[in-house]
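Got some structures for you, see below.
Both complexes below contain subunit A, partnered by subunit B and then by subunit C.
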Partner chain A sequence: MAAATASRSGLRSALPLLAPAYLWLTVAIFLPLSAMVFFSFMTELPLSGRPWAFTLGNYAAFFSQSLYLTLLLASLRLGLEVTLWCIVIGYPAAYVLAKVLKGRSREAIFLLVILPFWSNGLVRIFSWAMVLREGGILDTALNAVLPFKINIDLMYSYPAVIIGLVHSYVPYMVLTCYLTLQAIDDSLIEAGRSLGASRLQVLKRVIIPLSMPGLVAGAALIFVPVVGSFMEPRILGGRTGTFYGTVIEDQFVAVFNWPLGAALSFILLAVVLVILAVASPVLRRAA
Partner chain B sequence: MAGVQVSDVSRSFGAHKALDDVSIDFADGGFYALLGPSGSGKTTLLRQIAGFDFPDSGRITIGGESVERVPVEKRRIGMVFQNYALFPNMSVADNVAFGLSVRGEVKAVIATEVQRALDLVQLGKLGGRRPHQLSGGQRQRVALARAIVTKPRVLLLDEPLGALDKALRVDMQIELKRIQREIGITTIFVTHDQEEALTMSDRIGILRDGRLVQEGPPEEIYDRPKTEFAATFLGDANIFRGDTTGNGIRLADGTAIAAGAGATLAAGGKASCAVRPERIRIATDAGAPDGNANMLKGQVSKRIFAGNNSTYFVERGGQTLKVIVQNTGMERLAEGQDVVLRWSPESTVLIAAG
Partner chain C sequence: MATTRILEWLGRIYIWLLLAFLYLPIIIMALMSFNVSPFYQLPFEWTTEWYASLWQNDQLIAATWNSVEIAVIATIICTVLGSAASLALYRYEFRGKKFLQALLFPPIAIPWLITGTAMLIFFFRVGIGRGLHAILLGHVALALPYVIVVVSARLQTFAPELEEAARSLGANQWQVTRRVTLPWIMPGVIAGGLFAFAVSFDQFVVSYFLATPGQTTLPVEIYAAIRKGFTPEINAVSTIIIVVSMALMLLTARFFKFGGEK
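The block that comes next holds the complex of A and B.
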């Protein structure tokens, strides 16, 4: 009983600390989101003054037109590819940061990794546009170095979208993996090697399994927003950059069909949640 | 199984000389303790033998094969770490199986060997547990089983008992010694605990500031330390400093102390004498003159009773001497009492100054 009292009084004293966060979550996320749920079941936006009614038509639209499903699959593939590239690029970087570099050089490299976070997203994307277009920085630089003439024009292509998204999201992978890698005691690596394991075997059997939580967290942080992304596909992908996210954006800013946009968003949310739910037991076992 | 030879090994980290021209011969099947205060280079030396770090100069051989440039995974050593370093993502059995499985052993062989190793450390039934479900002593045993299951040539132990409480440590000392005898493996053991070094090892190497101070069997180092450091670091010792007389020293106040053991030094220079506290007899009167025994007068300043013995602190000419007396029920001296200390020259070790 003493314990129960203590825990209750603990909760009460924690309330002032919790309240701001919950208040903020309620106002900033829960309210707009419930408004969107409401919109997604309407025929018209009530703001325009036109008459409206409840309907399931917006959700039905997704299933009646194969375009939406095709785009959703394309977006899921984009999310998967970007996540894989982020692992390929981010994990080794995190490993070097956590286990090889020490002191000042670690701080310097860390700063470089986090730098994309501090620059404006649009600026980031437009600078990629400068680099990737024909006659752009990459094209000019490569032609200056190489003895033969090549044409690099990645602008408005699928690879350009991947490059832009990977650049934006790779810091998440570096940070989450860095945290788990750093927590791995160096003596575990030494123990593995003293038992006759090569560096690669130690990596496969000790380091990667122990850093799995970081990989999973990073993958979830990257996959979910990339599937719904629209800015990078639109600017770097051009005509080829039509994805599920850009279609949702169109409903809100171009076509002003908010109910359809909202319905498409919630379908995406449901799909992502299902994917995470299905993947989580597998990932938990791996971790 | 193999012996290990370390010859003229030096290793510096920046300006710091972690190992300075160290040579030790670890004979096949022996149990060695590397003893020294922190920063003495004992762990650095162990890491050179293991192959986690390479010497700047010098040679290391295992079983006669030169290994200075051989990476750790090719040296066929077994190592037990201070913090156990068990893989938290694997069961106890998988931890023990790791070394065999990276070698590509057959599953059936692995299972038998793992069970045998776990039985040896008396954890035969706990193979399915995870490391975090074990006590400190059990983890230590798993680490040991994991290190020996691959039949390494040398077993290296880096302060393996440091994290255990005292009672458990004594148990593990006996256990470790039993297992070492059973498989007869050359074992090198790093510790800063002098008692552990004395009770467990066949030979002890004392290190200080990256240099090997003295090396030999425990009895030899304890009875005939070659330096003041060895005398005071391994066990307790009363140190007298003075001028050499050839077979002893003369203190500043003219008292002569005869030494029957230790270095032979020409008269004239500076030297020290070391006497173990338990070798000194304490009495309230001079009694009958006792041949050539060393004799000093002093006053008891403090007595610490420890059950089976008492430690007396005796003030004498500005120096505090320690005397340990077994509790025979005879002598109980009060603080402040004038006493006479007596000990034989054979119990006195002459040590060159420096």
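The block that comes next holds the complex of A and C.
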């Protein structure tokens, strides 16, 4: 009876609870995104009273100069590599947390893994500079231990950007995978084992499929911001750190070509949406 | 059995290696904030000079307070609005519900660079402008979907029969929510709140585009400092923040279990 009443007056009862959250999202996310699409077709921003007109020129700029496309591909590759490293490093850790550790030590270590996440992302990126540069900590430590002289100067290189980004995002992967792994009933694993499956088979047939939503969610949470990253490549990549994101940043804070920046942003958005659409079947199954 | 033992020990060792990877730079950063050399030169010589000069740096202190204030307000708003929305999505069936749930995805999925620049353009155009209020507006929007997703995930493990049972025992809707549903989803609400705080406090990209020279947050200030030339003062303020946030998290962990029920 109560359930029937609830579903009949569904939207009316739900609305007061939903409206504040969705209004906020509309004002701060959906309207701005729509406005950005609009501005990307303009010659000038209609702010200063300067004349403006509609144009496709901002998009033409993307397709006529191979630089933008090259940078976009470089950013996608960066996103892919960082995501893969996060899976390789984060998934086993999530498994150990969910299935090996118990009680208070699990709580403590879980907390330790997600704590860095609370510290400042920028500083964590920059702290790698002290580790990676020539004459930095890594260099000094290795030379103190090794009998021969080596020079570690990873600073301002592609690997430095990868290391910094993996360090920033791997807690996401541990978190999402941990949540799904923890929900797997241990008796399922035991059942598989007692029916004669090897550890590897249980992993492949039971654990990985059941934790797939966590893996995909983690991958999406990591891939997308990495493709749009600009601060990390700027700080750790130096000269080699020019990516699609840094070019967009320049349009807004250095060159002040907002319409071109909006067009470049929108192209990135389109690419991201296509990739997420590909991943969404798995995510929908999770929801 | 022996193999299981060995694998478990390997697992433990692995976790410690991961922690080393996560904490190595943070520890080095903290150490360097106590090092005499402003260029992070070794050998290490102890000093608290950078902490002393920190208190002279009004700009940095102001930015830190801005960050804390915005994160706290954003967390409160997100937790309340987010929990309400999650409950509504869980409890009621209506047309367009799937669509509303799908709408939560873009703010999480779209890179902050895109969202941030879009907010900049839009806020500028409609007169909201830039500054702390704009940053708060943005942070809440960014963190809200996280809260809704986390709380909803917790609600998935909730047995609706419990609500039914409470109702049949004569509890009204508010009592059911307060006595049955809320206590159950509390870990999710706390986790969501922590998420919101982290998203806001750590948020650089969106703040960067919405900040003005006078109204800025710590990450924006730090980015500017890095580009001007990094100083150990930044290490010092970051070390303080890490210690404070860790203490806060540990305190929270005393009251709420993070690692699930088992």
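One rule holds in what follows: the second predicted complex is superposed on the first by the 267 of 287 C-alpha atoms of A that agree within 3 Å, B and C clash if a C-alpha of one lies under 4 Å from a C-alpha of the other, contacts with A are read in each partner's own complex, and residues count from 1 in each chain.
Note that in this section a residue touches a chain if its C-beta (ideal position, glycine included) is under 8 Å from a C-beta of that chain, and two chains touch if they have at least 3 such contacts.
This one's a predicted model, so the numbers in the text were calculated from it and none came from an experiment.
Asker: Spot which of subunit B and subunit C makes contact with more residues of subunit A, would you?
Answerer: Comparing touch counts on subunit A for subunit B and subunit C gives C.
Asker: Check whether A:Ala53 is in contact with subunit B, with subunit C, with both or with neither, and answer first, second, both or neither.
Answerer: Neither partner.
Asker: Once chain A of both complexes is superposed, is A:Met231 in touch with subunit B (first), subunit C (second), both, or neither?
Answerer: After superposing on A, A:Met231 lies in contact with subunit C but is clear of subunit B.
Asker: Which of the two partners, first being subunit B and second being subunit C, lies in contact with A:Val145: first, second, both, or neither?
Answerer: In the superposition, A:Val145 touches no partner, neither subunit B nor subunit C.
Asker: Can A:Leu195 be said to touch subunit B (first), subunit C (second), both, or neither?
Answerer: first
Asker: Which subunit A residues contact subunit B in one complex and subunit C in the other?
Answerer: none
Asker: Report the residues of subunit A in contact with subunit B in the complex, numbered from low to high.
Answerer: 185, 187-188, 190-198, 201, 205-206, 209-210
Asker: Which stretch or stretches of subunit B touch subunit A in the complex?
Answerer: Subunit B reaches subunit A through residues 50, 52, 71-74, 76-79, 81-83, 85-89, 98-99, 102-103, 146-147, 150, 156.
Asker: Along subunit A, where are the residues that touch subunit C in the complex?
Answerer: Within the complex, subunit A touches subunit C at residues 2-3, 6-7, 10-11, 13-15, 17-18, 20-22, 24-25, 27-33, 35-36, 39, 45-47, 89, 92-93, 95-97, 100-102, 106-107, 109-124, 126-131, 136-137, 140, 167, 170-171, 174, 179, 182-183, 199, 220-221, 224-225, 227-231, 235, 245, 248-249, 252-253, 258, 261-262, 265-266, 268-269, 272-273, 276, 287.
Asker: Using the touch definition from the top, list the residues of subunit C that touch subunit A in their complex.
Answerer: Spelled out, the residues of subunit C in touch with subunit A are 7-8, 11-12, 14-15, 18-19, 21-26, 28-29, 32, 40, 42, 77, 81-82, 84-85, 87-89, 91-96, 100-101, 103-115, 117-125, 137-138, 140-141, 144-145, 148, 153, 157, 164, 167, 197-198, 201-202, 204-205, 208-209, 218-219, 222-223, 226, 230, 234-235, 238, 241-242, 245-246, 249-250, 253, 257-260, 262.
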